[in-house]
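Sharing a structure with you now.
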Amino acid sequence: MPDMVTLSYPSPSSKPQQRQFNPYSENGGTILAISGADFSVIAGDTRQSEGYSIQTRYAPKVFRLTDNAVLAVNGFAADGNMFVKQVRQRLEWYRHAHAKDMPLRAIARLIQTMLYARRFFPYYVYNILGGIEEDGSGAVYSFDPVGSYERESCRAAGAAQSLVQPFLDNQIYFKNQVALPGHPHPQHLPLLTVIQLVIDSFTSATERHIEVGDGLEMFIVLAKGSPLYGVENIAGVQEMTVTNEGERIFVVRRNLKRD
Amino acid sequence: MDHFPTNWGRPRNDGFDAYGTYPIAQRPYNGLGNDVFSEGVQRTQQPIVTGTSVLAIKYKDGVMMSADNLASYGSLARFKDIQRLHPVGTNTIIGAGGDMSDFQYIQALLDDLMVEEFTEGDGDGHALGPGEIHEYLSQVMYARRSKMDPLWNSLIVGGVKDGKRFLSYVDLLGTTYSASTLATGYGSYIAQPLLRKAVEGNEDNITEEEAVKILEQSMKVLFYRDARSLNKYQIAKITSDGVAISESRSVDTQWSFADGIRGYGAQTQ
Amino acid sequence: MFRNTYDSDNTVFSPQGRLHQVEYALEAVKQGSAAVGLRSKTHSILLALKRSTGELASYQQKMFRIDDHVGIAIAGLTSDARVLSNFMRQQAMSSKMAFNRPVPVNRLVSAIADKAQVNTQEYGRRPYGVGFLVIGQDQSGPHLYEFSPSGNSYEYYAMSIGARSQSAKTYLEKHYESFADCSLEDLIKHGLHALRETLQQDKDLNVNNTSIGIVGAPSVHEKTTNVSFRILEGETIQPFLDTMVPKDAPAAAPAPPASTDEDVQMAE
């Protein structure tokens, strides 16, 4: 007869092992969007990194979706690229069904639905959607990875969010600035001022954050019938508009420090 | 999974009560969770037989890629004549680091794809180029990582199509990027800075001979410092004329400096 | 009422070696209003005649966008066309998803032809009752294909399908050699002339009953920089209609009498 001592239940040490594969990574970089009265500016740097390694100096994070919507995606690059691809396919089906582009606020809700559908295996991605609403106003929508979203006038996300957002709060929302009597803070800033703020945000973030740099890609969406505000004179500006009837999209590319 | 059969134990516990002399509650437990097969289907893995770095650069006439011939089993230099550069179609090459059995699966997958492509297209002028191959591979890699069942590789896809050079990376997470110089594994730390210094901004001027030199130099540095590398490697070039993978070759190395360095050669003390 | 013993099941040949159900399906294509396709070295275009059931009703949809680089014009059962065009859209999308490349037009046409062929051979199915003209642009330039419910597909310099399409074909056969070097405007003019041949005596093309589909660089009459497939309808086609040469001289061969309003007649 076997010894009774061996007749026992497995010890706690033989519990299932922890799986070691981590399906996520973090690829650095920063994105930013600011809306004005009749325009929207959406920007991102082009560096993609993992840890201390720069994987590439040019990996776009900002994508034109339609003539009035631009999506910036930051976080885990593989998820980000796949997400943009899927959003684009959904927009294509919308075009087939309705023979027009999906309006911005509908794209925003679509994105929230798509993100929340993966609530329990999320896209590890922060999204910022910029463009022009149906009423002609500039708009920015920001999302968390599982789909919480809101419309704002400005938002920064990604590696240098903590550096850029406070700067924006101060310069766009005039936080901690006291207006002079009879000179209230403006409701909306002019386009060229906003562009300067965006460029300054990225050069500063590049100085102080190792994951930000190499290149800046900045999309400018103008409302239907809006003046150009001097966008056409910016060095290296390129128009991305497809149809000649509605909103117009421009892209500006700048170099950032590569160190 | 434990790969040592001696640790597998016996299929049944010796303590099994063959005659049922004990009440059920006190019977020896030999059920789930007690043997090495208890995990059932194993999905997540670790790489077993692995290849180390792959290097690739763009140059004047196309793309050049190199990888050594070693497949390691842990720290054991297990297989010393493994080819890690694989041609796909007429103008694409993929190079692989990471798990070699997963890589062989990927080769089979791509070979099947090319057969399918041939039966469907058959020279209709729409052959798959490096860009299409890379996109397809990214989808496969990302889909597998999303199933928590990754193909444990870092892959570089290079090629030339319609006079345009293509060079891109994809790994077990589905992460992709392209640049004029790429390196996987240890190469991304040791060789990538050397490659960037030699190539960035110079892609259109580097001749074939210079490109070979740049890669040879980097492979030599890797061989000096990467303990999982081998001084036997191949170089592939992809130009508008097609792909060519060299025979295995080696570089001259100099180890006399190691004599007096503790931790390098045989130590007397 | 059956016209003969061998037409109730598409899997059975008649003693003459014919599949009657398939031929009836081809007849359904001939019932639909006409569509015309033309190709030059730089453009492929489609033109189609839209029918309306009456003053109070809208006009039918004759063209579908499949992708940025592909579009179709249909003749026959619109509902069948929607099923097939949906399939084509899916094919186009999966090509983009898997390979990040626009689906080659010839492969897209082969795919629907194979799908249609299955319906001519399997028990319990019926052939599609619709024919397509498919235009598209890919790495090998602009293309024009015809697809028919029999599972056939061919590439053409110019082609027409649908009611009275023989008249349009006659026009196209007379002029096709000049199409290769045509400007877009001239190509559309030829297309409109061909399409006009399919009209009944008292009818004419107008902004309501005509659709134009284009792939390739935009015309001077278009307000766009878009080179992808687009459908022009309504007022936007007026400038093109204005380029037509009025049909005074009855030079054109009289169209064969087609009984568009009656049921299928499979005489013999």
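Order of writing sets the chain letters: A, B and C. Residues in each chain are counted from 1.
We take it that a residue touches a chain if its C-beta (ideal position, glycine included) is under 8 Å from a C-beta of that chain, and two chains touch if they have at least 3 such contacts.
Listed by chain with UniProt protein names: A, B = Proteasome subunit beta; C = Proteasome subunit alpha type.
This one's a predicted model, so the numbers in the text were calculated from it and none came from an experiment.
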Grouping of chains that still touch (sans chain A): one piece
Innermost chain, taking as reference the mean of every protein Cα atom displayed: A
Far-end chain from chain A, centres as C-alpha averages: C
B-C or A-B - the one linked by more C-beta pairs in contact: A-B
Distance from chain C to chain A - Cα centre to Cα centre, in angstrom: 43
Where chain A and chain B are represented by their mean Cα positions, the distance between them in whole Å: 33
Separation of chain B from chain C, taking each centre as the mean of its C-alpha atoms, in whole Å: 50
Chain C: positions in contact with at least two other chains: 97
Touching residues (chain side chain A, partner chain B) in the complex: 1-3, 6-10, 14-17, 19-21, 23-25, 27, 48, 50, 53, 55-59, 76-78, 81-82, 121
Residues on chain C engaged by chain B in the complex (per definition of touch): 97-101, 104, 106-107, 110, 138-140
Chain C residues touching chain A - in the complex, by the definition given at the top: 65, 89, 93, 96-97, 223-226
For the chain B and chain C complex, residues of the former touching the latter: 120-121, 124-126, 128, 131-132, 135-136, 139
Chain C contact footprint on chain A (complex, rising order): 85, 89, 92-93, 95-96, 99, 241-245
